[in-house]
Amino acid sequence: MSQALILPVLIPLVAGVIQVPWRSIEPQRVIAFVALAAQAVVAVWLLSAAASEPAVFRLGGWEAPHGIVLVGDRLGTLMLALSTALAAAVLVYVVVGDDKRGRAFHPLFQFQLAGLAMAFLTGDLFNLFVAFEVLLIASYGLLLHGGGGRRHRSAFHYVMLNLAGSLLFLVALGLLYRVAGTLNMAQLGPALAELSGTGRAVAEAAVLLLVAVFGLKAAAFPLSVWLGATYGAALVPVAALFAIMTKVGIYAILRLDTTVLAGLDFGIGPVLHYAGLATVAVGALGTLAAERITDVVSYLLLVSVGTLLLAFGLPEAAGLRGGLYYLVHTTLVTAGLYLLGGVIARQRVPLDDGLQAGAPLAQPLLLGALFTVGAVAVIGLPPLSGFLGKLMILQAPLEHGQRLLGIWAALLGAALVALFVLARAGSTLFWKQGMPSGPQRTAPWGTLVPPAVLLAASVALAAAAGPADRWLAAAADDLRHSEGYRTAVIGEDRGGQP
Amino acid sequence: MTLTVAFMVGWLTACGVYLLLRARTLPVILGLVLLSHAANLVLFLGGGVPAEVRPPLVGSGEGPMADPLPQALVLTAVVISFAMTAFVLILALRNRRSLKSDHVDGERRES
Amino acid sequence: MASTPLILLPLLGLLGALLPAIGGRSPHVSARLAAAVVLAGLVMAGLQAPAVMGGEVLVERWTWLPAAGLDLSLRLDGLGLLFTLLIQGIGLLIVLYAHYYLPSSAPQRRFYALFLLFTGAMQGVVLAENLLVLVVFWELTSISSFLLIGYWTLDPSARQSARLALAVTGAGGLSLLGGVILLGEVAGGYDLTTVLASGDAVRADPLYPWILGLVLGGVFTKSAQFPFHFWLPRAMAAPTPVSAFLHSATMVKAGVFLLARLFPVLAGTQAWFLSVTTVGMVTLVAAAFLALFKHDLKGLLAYSTVSHLGLITMLFGMGTPASAVAGVFHIANHAVFKASLFMAAGIIEHESGSRDMRQLNGLIKRMPHTAVLAMVAAGAMAGVPLLNGFLSKEMFFSETLQPGMGGTWQTILPVAATLSGVFAVAYSLRFIHDVFFNGEPVGLPREPHEPPRWMKVPVELLVALCLLVGVVPAWTVEPFLSAAAEAVVPGRVPHFDLALWHGFTLALFMSLVAMVGGVTLYGVRRFLFRLHDRYLPEPAVLKWFTEVELGLWRVARRVLGAWENGSLQRYMALLVAAAVALAGGAFLTSGGRLAGGGGEWPDLATLLLALVVALAGAATVVQQRQRIQALLWVGVVGLTVSLTFVRFAAPDLALTMLAVEVVSVILLLLALYFLPQSSPPESTPWHRGRDALLAGVAGVTVGGLVWAAQGTPATGIGRDYLARTVAETGGANAVNTILVDYRAFDTLGEITVLGIAALGVFAMLRGFALPPARELRGRRWDPDAHPLILATLSRPLLPLATLVSLYLLLRGHNAPGGGFVAGLVMGVALILQYLASGSRWVRGRLQVRYRVLLALGLGLAAVSGMVPWLWGGAFLESAHGEWHPRLLGDIHWNTTLVFDIGVYLTVIASVTLILAELGRLGQKRIGRQRPYGSTAPETGGKGA
Amino acid sequence: MIAYAGTAALAMLILAQILNLVRMVRGPSVPDRILSLDTMYINTISLVVLIGVLRGGTAFFEASLVIALIGFVATVGFTKFLLRGDIIE
Amino acid sequence: MIELVVSILLLVGAGFTLVGSLGLVRLPDFYARLHGPTKATTLGAGGTLLASVIYFTHHGSGWSLHELLVIVFLFITAPVSAHLMGKAMLYLESRRR
Amino acid sequence: MIDRSRWLPHPVFSLVLAVVWVLLNNSIGPGTIVVGLALGLVLPAVTTRFWPGAPAVSRPGAWLRLLGRLLADILVANLAVAALILRPRCRPRTALIDYPLTVRDAVPVTILSSIISLTPGTVTVDVDRRRRQLRIHCLDLADESALVERIHDRYECLLEEIFP
């Protein structure tokens, strides 16, 4: 039933609204868990339903393009499920106590989820803008959670840049509407195809402006400058949730490139490629320079962003397919590593997650094992999901042979750097001792289970790589042949003419 | 006519960008305000700038009416811009306290 | 046929690793579990052996990731079997040995778990049918060996060596991955069956040099070939059982194993010969030479290992079937004698507390049994007849003499081989003489004696094997070797004779030279040691490595710090520049022309608006440092933009903008109280010029794009609403019906944003206090806090404004207005009360919790969208109609009004919450004095 | 006739706004500029109403109503800022 | 006739508005200039609004008196701003002294 | 018993609000009037806490006289001031004067000062309630005492009558 598409937006929205007036935290937590459980059920349902054909929900019963539609295709519902999984892990982690380190965590968290769901499901470009704003304003609040000067400075930079980015988004939408006459994503493609001359040039400019805006969200070079400081300053569970935030940008680029620009020769591929190369380079540099384990994770996140840009910038279908697999992998693993970093930090009290020799950890074997799994996954070493994803991306350019060298150099080089850095980090955190062991506190289960499950997801994703890839291949196929999406949204008879 | 409105937008953009590149929070926020005017105008101009046009109120007279969609979109954008401005302004106040300066990077002492 | 799946072999290790990890705290239990796992593997291999030796190649396949050509396919052929037996057999002995070697204080669970993990990985390497699977296990050996080498975690050199090993072998693994992907691409698949069958195609492919280079990158790093040999001696920081395993049968053998595996595909070209042989030869000679000078027992063995790996590499490099067979043979022989030598060295260290040959002397008297074992094994290493090492070394010598290499190679190879033989004899002799003879021990920590009985058993078994193979090769090793050779040189297995005596050949002569030369060299060792110490000091590899680590970190930090310098100005400039470059570039490159359409002249009003905007914008910029004036100018801009909306027929927009302007001014003024009243002049003219340039370019780009866009025909779908709105929604104000009907979802999102902003502001301001701006502190303010006229007149304005706001709310569907602007008017009216009478006064009279109101408004909007579900409608679906009550006349009702009321409440709550909370900020005291002297008590709205 | 008179009136109002702007530019004091902005707001009412009459529509009535009702709040804010610094006490 | 009245009112309103703004520019000191907006408020806006009342009453269906509300609101709010601006100047001058 | 002061605290104001509502809607339908009256009843009751002790208002005649005088003065004074501004050499005799108040309640004081500000040529710039005087700026002052007397006679007397 297509109405269910509204639920992922509505459930967290209503939950957040109900949470707002409560002063004490317990009822907020209960509401959060109930809402998330419902959200998970809906997400799984939508995910399974998307396998047949894109579900379309016309809000208010209004036909596209005059009304807003929500579209649950494979990609959208996948992103939804991914964000829900991440949210579940973060929620379990955060109720151990981090949610009390500031105000209004739970409503902001729910609103963030609502915004994410809206962004992943909407079929309208302006509605995507609104969704971005919802999730951004919530993220601003979450970013500040916990307080502190470092957090404030980086949050201010993050907010200002994103505000400027939002304005660019508006400019792009204005130009696009002016020349194409619609902002419905399914209709934009055919409308753009009709353009020529100056109209087409303006449209291309607008599309690239959108790429810049989404690139800012995704932290693509050179708009990656904010990520390290921002994520480094955020509270660990917030950073973990934000693993999906850069993916929103990636998602939007992907949506633009496939659903809107499918079949058009609006070449954003080269832009993505070069931005991807540079992003990987900066990410690798940042990993080398990091002084804290969460910073290492942040810059590895940047590397993964670059990797995705490289994959999606390829003309081959295999790039898309491998990129999607890698997208799922990196989101889960990065979040897991952030949370693990948080657990480690709690056991190294004066140093926290700083990469210096400290007192021995309370649970070295367990945390060490988790760290190893996470490191193997994130570096892209076999046999975990990171390797499989990178493998597919490495193979992808062989078909046409374009951009092969760059992609290989970037991916293999970044993996080497990550290997080098994480070996050093792990050796410092788990092996080196620079202080006598103090009073040792083992981590509560609530903080251990989320990273463990997220990292185990990498194992599961690797083990079930075949089925997962088949599903993602279908998703990639949908994206490359957007007729299905268009037909579902605006109907065959109208042939997509505005 | 179109050149005039394009000039308006471009000029506002230029002023906004210049302020956006300043070092203190308030001028930067003012730059954001100017830029949001520019962005709203661009969105608004998505409906074109016919010299003689009526408001999109059906049945209020004769003659061509303006495209209502960009107007509605700008309305939404205006509200969002306001919300964001309020938020970032108060964030700037918090920064001034925690970073002891109203510099955007919080580093230099205020004069 | 295979009775048990092959996959169990690697899985035994990989999953079996969990057994010792979770199996109890006792080291005994861990060790036994580990032994059981390895034994099971050995038994399984043994069961498969007859079939394989009968010429069968067992292949088995599980699909994994077909899209990448990655099937979990395994093969057991002769080569794999030989390696499996070595791995599992020696592995079992290592477990036994480690049980006695490891002190009880050592974390043994970790040891056995990692050991099994490593065994499983290595097993996977040798069984891989799919080359990608081989890479998978290959990297797993790197990871698990990293963890094993760093086993003594508190030892800095152990940690550093582990990292060094991982960095080198990990890099090699990535190189190998690249090579394998290319190889699979050229061969049309990754399965060895496919790859081995397409050797000619591969060698002819233009990608062949790349494939070869990348694969060899993996091989040479893993097998510690020059110039990547330096990690191996440092890996001796591992516990000796680990060294015994890693550097005999496993890990380093993975590299030469791969040479054997891909021999049929890659070998036989000039490039192969030149690269592999040369590298092998250099490694062989140099490492053998260096081994002589290591005073550390394990160091000597390590360099000897490197040298022997060079020997094997060289054999494969020569590219003939016979040399390949010799290579395989030497792999097995070296594994056996080197494992026993490492164990012997471990026993000596364990019992004496030292590995330094300058301390260790005359041990034959103290541990004669061990001494005999070590001496036999060392003899094998030196290539003494009747021991296994002799056989393969003879084959090696004779291979170097094969004709067909051409030219100088014919001389270089035998000379190098002989030279290496000389060194090998010398260092083997040193291992024997310097430890077990050569006088009395010097300053040993402990008085050495024989180890426990069972600790020697593994060594005894291995030494026995050396002898057996050395004496009766045909009965022991030959079947395995032929099976393995069949896998390496399929169909071309040369006749090889494992007899001890081939007659007086040139090879025998070379052996003799080696023996004599080696003894002689050892005789003049003191002189050589002095020369070595003077001219070839031990390179401080670990120090360099840590310095490289540190240096990389420093450089990276500096470069990153220069790029991400924490300056918002830089970041903003980047954002603007990127956007401008992308958009402008796209426009120009795709042939856009700046021709903004019709020659319609602007009317007076439009010109004026543009003029005012230009002036006010410029003034804002020019006066930005005097902030109150900048605010005034921004107010002018806002007013002018509102008027622009009036000019272009957007009443709703104009209305809303005007109200928002008022709220924004109040907001900015509230904030300005806490901010400096002026900005310091801190940017240089150069900066300002750069910013102005960027701003100008941005302005030209946006303006230009707008102008160009205006030249195209306007075809927006928006005008459709005009024709439909009345019929479909009952509303005549198309803007409003879009907001509450057609695109109500946007509006829902928009008020959510507003609500979240208010909530965020609330969260930020709670418990937050801020002193006023420095310039304003201590200023003598006007004593009249709440001017009478303002206070008196603002109060009746509240009900009047309420009336107006309700009017705007109710009429919005048909005339300019609607929930948003209505809420703003109401909010401003409330804020006016705060301005006029103070927040204390208002709070005393207005018992509204804005957060609750906010939740109510948002909730109402959301719930009103859900109501249509009751009759099966869609979310946010609306209904409308006429109602004709008797007295009141026609009433047009519309369910969207409920939604709009939600918007209305949300806006009121948010705006008031934000401004009122900010307004209270000034009343929170942080120990500041009364702001306006002590006069005027009657106006004390403040303080009190 | 209304069209002519209206156009003339429009020109006069535009001129008036320009004059307000002149004061805004010249200042010299902050109250002068506040006064200028305040006058602009009030003149805007006339402008909006005039446009309504010229275009024959009442679409901008609400705008003039809202300026008349709450436009002065901005002026209140500015002046209270000068008088008290903290405009909500 | 109606047209004439409307036209005259429009011109009178605009005229007084213009005079008010002229005063804003021409008058020598702040307090003097403060009188300008009251001109715009009273006869300026009043004239225009009255014109609108008459125009729409004549052209529309029935009485259109809601413009009177604008006048009323202006009469309530304009003196407040004028008063506060004067007060602000007074205060600034007292502080400067 | 119904407590009238609670349910209908300001009957006149309620009526005013109803009229304003009708004016806003620009139509005199029965529905509009009913809603207007309802709002007129509800809004003062809801907002009554915002104006405690608002004086009772009576004497509609005095009110009308006040309004008439005000409108007439505005017309006349506007012309005078316009002439002043348009004079080629613009040198008015500006002055700040203190006006002694006789009314004391907040509401009449406010109304008086508003009237003073609304009539061109004079602006109330300050209210000094302790010394019970208004500070008035005059654009072109000929005779201070005459002005004070005029304001008192034309407006303040009526206000005293309305707010006894």
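Just a few scattered comments:
The chains carry the letters A, B, C, D, E and F, assigned in the order they are written, with residues numbered from 1 in each.
Please note the rule applied: contacts are C-beta pairs under 8 Å (C-beta built on N, C-alpha and C of every residue); 3 or more make two chains touch, one makes a residue touch a chain.
Predicted model only: the values in this text are computed from it and were never measured.
Looking at subunit B and subunit C, the chains that touch each of them are A, D. Set side by side, the interfaces E-F and C-E show unequal numbers of C-beta pairs in contact, with more at E-F.
We define each chain's centre as the mean of its Cα atoms; on that basis subunit B and subunit D are separated by 21 Å. Taking each chain's centre as the mean of its C-alpha atoms, subunit A lies 28 Å from subunit B. For this pair, subunit C with subunit D, the centres built from the Cα atoms lie 60 Å apart. Averaging Cα coordinates per chain places subunit A and subunit E 56 Å apart. Residue positions of subunit B touching 2 or more other chains, listed in rising order: 20, 25, 28, 38, 40, 42, 44-48, 54-55, 57, 60, 69-70, 73, 76, 80, 83-84, 87, 91-92, 94, 104-105. Counting only residues that touch two or more partner chains, subunit F has 20, 24-25, 113-114, 124, 127.
In subunit E, the positions touching at least two other chains are 22, 34, 41, 64, 66, 69, 73, 76-80, 83-84, 87, 89, 91. Remark: subunit C residues 779-780, 782, 784, 787, 789-790, 793-794, 796-797, 800 touch subunit E in the complex. The touching residues of subunit D, when paired with subunit E in their complex, are 1-2, 4-6, 8-10, 12-13, 15-17, 19-20, 22-23, 26, 29-32, 34-36, 38-39, 42-43, 45-46, 49-50, 52-53, 56, 58, 61, 64-65, 68-69, 71-72, 75-76, 78-80, 82-83. On subunit F, the positions that touch subunit C within their shared complex are 13, 17, 20-21, 24-25, 29-31, 34, 39, 43-44, 46-47, 49-51, 54, 106-107, 109-110, 113-114, 124, 127, 129-130. Within the complex formed with subunit C, the residues of subunit E that make contact are 73, 76-77, 79-80, 83-84, 87, 91, 95. Residues of subunit A touching subunit C in their complex: 3, 6, 10, 13-14, 17-18, 20-21, 57-62, 65-68, 102-104, 107-108, 111, 114-115, 118, 126-127, 130-131, 133-134, 137-138, 140-141, 144, 153, 156-157, 160-161, 164-165, 168, 171-172, 174-175, 177-182, 197-202, 204-209, 211-213, 215-216, 222-223, 225-226, 228-229, 271, 282, 285-286, 288-289, 291, 318, 321-322, 365, 372, 376, 381-383, 387-388, 391-392, 394-395, 398, 408, 412, 415-416, 419-420, 423-424, 427, 430-433, 465-466, 469-470, 473, 498.
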